[in-house]
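Okay, so chain A shows up in both of these, paired with chain B first and chain C after.
Now for the complex of A and B:
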């Protein structure tokens, strides 16, 4: 009994070490999403390339798709364009949600649509265009409702408009398999 | 001259104080609520800053939204719920009480309880040791007194006395 008591601090120490050690490899950006298993929030946003065409959440329903939050100002987003384009060629449906980054949020925003359209066109022509179309969220309303904290972030939305996954960071060949599986499951339904 | 320098130093730091956004409030209570909220809500991007402290785009947007909601007359829990619905429990520095977080409260309580039990038991043990020591001492003294009285009449019979004293050495 006495010997057993003697080992309790040692056991506690090992337990604590293991807990802290596992923390070294966890990603602090992955802290669960409040959006998963909920309907895509309602919105009415213009198509980036055809600003007169307004799109709503209901119009995106019908088949599963990835909603990819990105911007030309974001280097990681540019890095994933090529891989996403490959996915599109394999038949994956990807819709872009353009994240307008203010020059300095504290000093108000300057917004120049033709310049942005040109910038986006150039970028997509050079890196590949994975998008069916892009939603323009100038005031970041949908982006706010989706709990997006930066770019890139990607949502997997099913045919009924329910969010099934929220991925923070870029999509690349290493982290794609589980997303692919979830997508294929929704497609087969 | 020194005083002037000191005063200059003091005023030189004023612009730093003024860097915080100046938002108009008609009700000082709402202003206080806004202040409280922006200090309690956590920036999802720069994770160890509150939204008052951070200038990440998402923090600026959250401040704007907080301002808007407070102006609409929403109370503290309503604003926090609004943010949690979008950015998760993570966004509030006060974690909610649920099965996965219960350890945050249980563990310190268990630790204090465990240490309390340990200290009490240790104390008892020590007390017991002291008691035993004292009582064995008393026993010995008592025995010596008994011997002194009991052995005397037979002091001539040495073998009996020796036998008796050897038996007394054994602990009771």
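Now for the complex of A and C:
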């Protein structure tokens, strides 16, 4: 018995090293957010182009879709617009979640909706418009709830409003196939 | 050609480390004296070659030899010469070579200063160190070669050193920290040598003590300098961030502190034997784990070096072999050892046991806080992060009983202590602590039932108790003037280190509770008031440095009209790395820091300026400095320099003995 007691440090160490070993080979990009397989957080956000219209999580239900976090200020987001537009033309439903960068009121920066709308319209007219519509998250509440670390990030949400996948970085023809498969599975259901 | 010489020297060092790992250990098993005698020259040779390789790397940096990839990525011609030198250990490759140099330095020191040890032990200790050196030299040479060339196509200008690292703190912080980290390899080697020999009398503990003390002292200095550097350089007035890499250095420190105290028990009383061996293994294992975490990218941190799974895999396998092997050996050998010493519930043994319990709980808190995100992720539960509040709260709860115990520890005797003789001095200490803490806070009108009060009380309790105990001891030794000299150096060391802890506790509590800050937008001539001080922006002008540009602000500080200081804050822009750095202006006094950081320029023209008043923040580093000083003084104790065979003379019963 006493003999076994002295093996405890060794056993604990072996347990620890197994974690270290698997940690070494896991890609942080493949580990989804803590929200995968959970309901999309509740929100009530205006449509960017029609700010009088408020949208909620429930209103988006009914059909699977990609929720794409982006901004005109983000070069990688602009780069993926063309490919996302192609996808939309193939019938993939994509909803935009517009990421407004923090503004500092103390230094005279004001939120200017018309200017933003014009900026977005110009961008989408030039690069292609993949979005069914864009949610305007002016205070980044939903973005915060989703644990977004940067743009672009994309969430695959099923017809019941459950997040099924989380993709960090741009979507391009190389990394699209697994997402496409997940999406098709949800559509067929 | 000089980088090739460095590479060659490192290759020879590898060969010597291979011999050192094999020959003396072999000699210790077959009792071959010539094989054992070879250990010392091998160790010294290995160090000289590694140091030569490091010098070659420094030379390449000083001469801006951009054909060496490492130089091109981490230096530039515009860098001042002293930063060129420190850039040689600013990158992963360079810092690994520094690590190797430090490790071989310790090995050579052990070889030189172990004449009093039996030859068999010398051979085993140096052999174990040789195995560790072999692992790291091979890693440096094969997995992260600092001398790799980019010929024939090399850049004409380097990518410059990360501006964060262009600071005085960076010149001394890494060497100190690494000396501490790898210094624990020595106590580890002593423990393993004792395990191989199967002899666990108190002698191995006596031999290991000065080495552990030295490593601990350097690690204390290293951590303290790192904290000081972060405060000056990161520009947000913080001094500790619970960043995974900071934690990786803090864990060996905590366990190393426990080891120091446990070694005292093993040496003086011949008990806690298996526990001390385990602590010696754990301390170095945590150093190794720190190296793995920082260099493998398993944990993401601002300190991390570029990640590379093959490097991580190498370090992990090495870590597994060394730590797994030693823990396995521990399990095989240690269960047969039993301690015979007897002690009562109220005795120094039990109080030191309490010290170990709290220090290890603290280690566990840091360990879980650092590793929990990894466990969580690998168990498929998603990514999470653990922040400052968790650590702060846990350390708050741990610090209270720990400090109470620490205030009592030095008064209590070995074996058993009765309460009555302690009542009077401890009541006096308590009264002195209450008077001091309440008195100071009342006089400065900051008395409130908060963390500052608690920290002041605990700090005063520990500090007063340490001073009182030394006072009493000197009285016993024949008065203050006579006792001052007669008291052992190690006792002074302990007292100063404990006072250092008290100073640290006060600093942390006061800074956490009473710091105030404000963000203001200022035009030239504007004044901002904070904490009774007025900060007037006198002037902002363009800055032109050797490898940076930017703006500098002159700020006059007054207190009720009386001038205090003129501060000079900078916002630097480093064009090669395209980074903006804040050089905060700090006016430091023992009772408070005034900290001004210059922000962005706004139309107007005006500037955003961040101002902090941080009471007692200096005490945090002063506390660390005192702890390290205590370690140094204890190291000067005469008995560590005894030439004769220690086990030959019966152990003197030296009351008072220190912990």
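In this section, the second predicted complex is superposed on the first by the 150 of 189 C-alpha atoms of A that agree within 3 Å, B and C clash if a C-alpha of one lies under 4 Å from a C-alpha of the other, contacts with A are read in each partner's own complex, and residues count from 1 in each chain.
Rule of thumb we're sticking to: contacts are C-beta pairs under 8 Å (C-beta built on N, C-alpha and C of every residue); 3 or more make two chains touch, one makes a residue touch a chain.
Keep in mind that this is a model prediction, so the values were computed, not measured.
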Which of chain B and chain C A:3 touches, first, second, both or neither: second
Touching partner for A:69 - first (chain B), second (chain C), both, neither: neither
Which superposed partner A:135 touches (first chain B, second chain C, both, neither): neither
If touched residues of chain A are counted for chain B and for chain C, the larger one: C
Which superposed partner A:171 touches (first chain B, second chain C, both, neither): neither
First (chain B), second (chain C), both or neither touched by A:21: second
Partner chain(s) touched by A:101 [first = chain B, second = chain C, both, neither]: first
Overlap of chain C and chain B interfaces on chain A (superposed complexes): 28, 31-35, 106, 147
Chain A residues within the chain C interface of the complex: 2-3, 5-7, 9-10, 13-14, 16-17, 19-26, 28, 31-36, 106-108, 147
Footprint of chain A on chain C - complex, ascending: 274, 278, 281-282, 285, 289, 292, 296, 298, 300, 309, 312-313, 316, 319-320, 323-324, 327-328, 330-331, 334-335, 371, 374-375, 377-378, 381-384, 519, 521, 600, 602-603, 608
Residues of chain A that touch chain B when the two form their complex: 28, 31-35, 101-102, 105-106, 140, 144-150
Chain B to chain A touching residues, read off their complex: 21, 44-45, 47, 55-58, 60-62, 65, 84-90
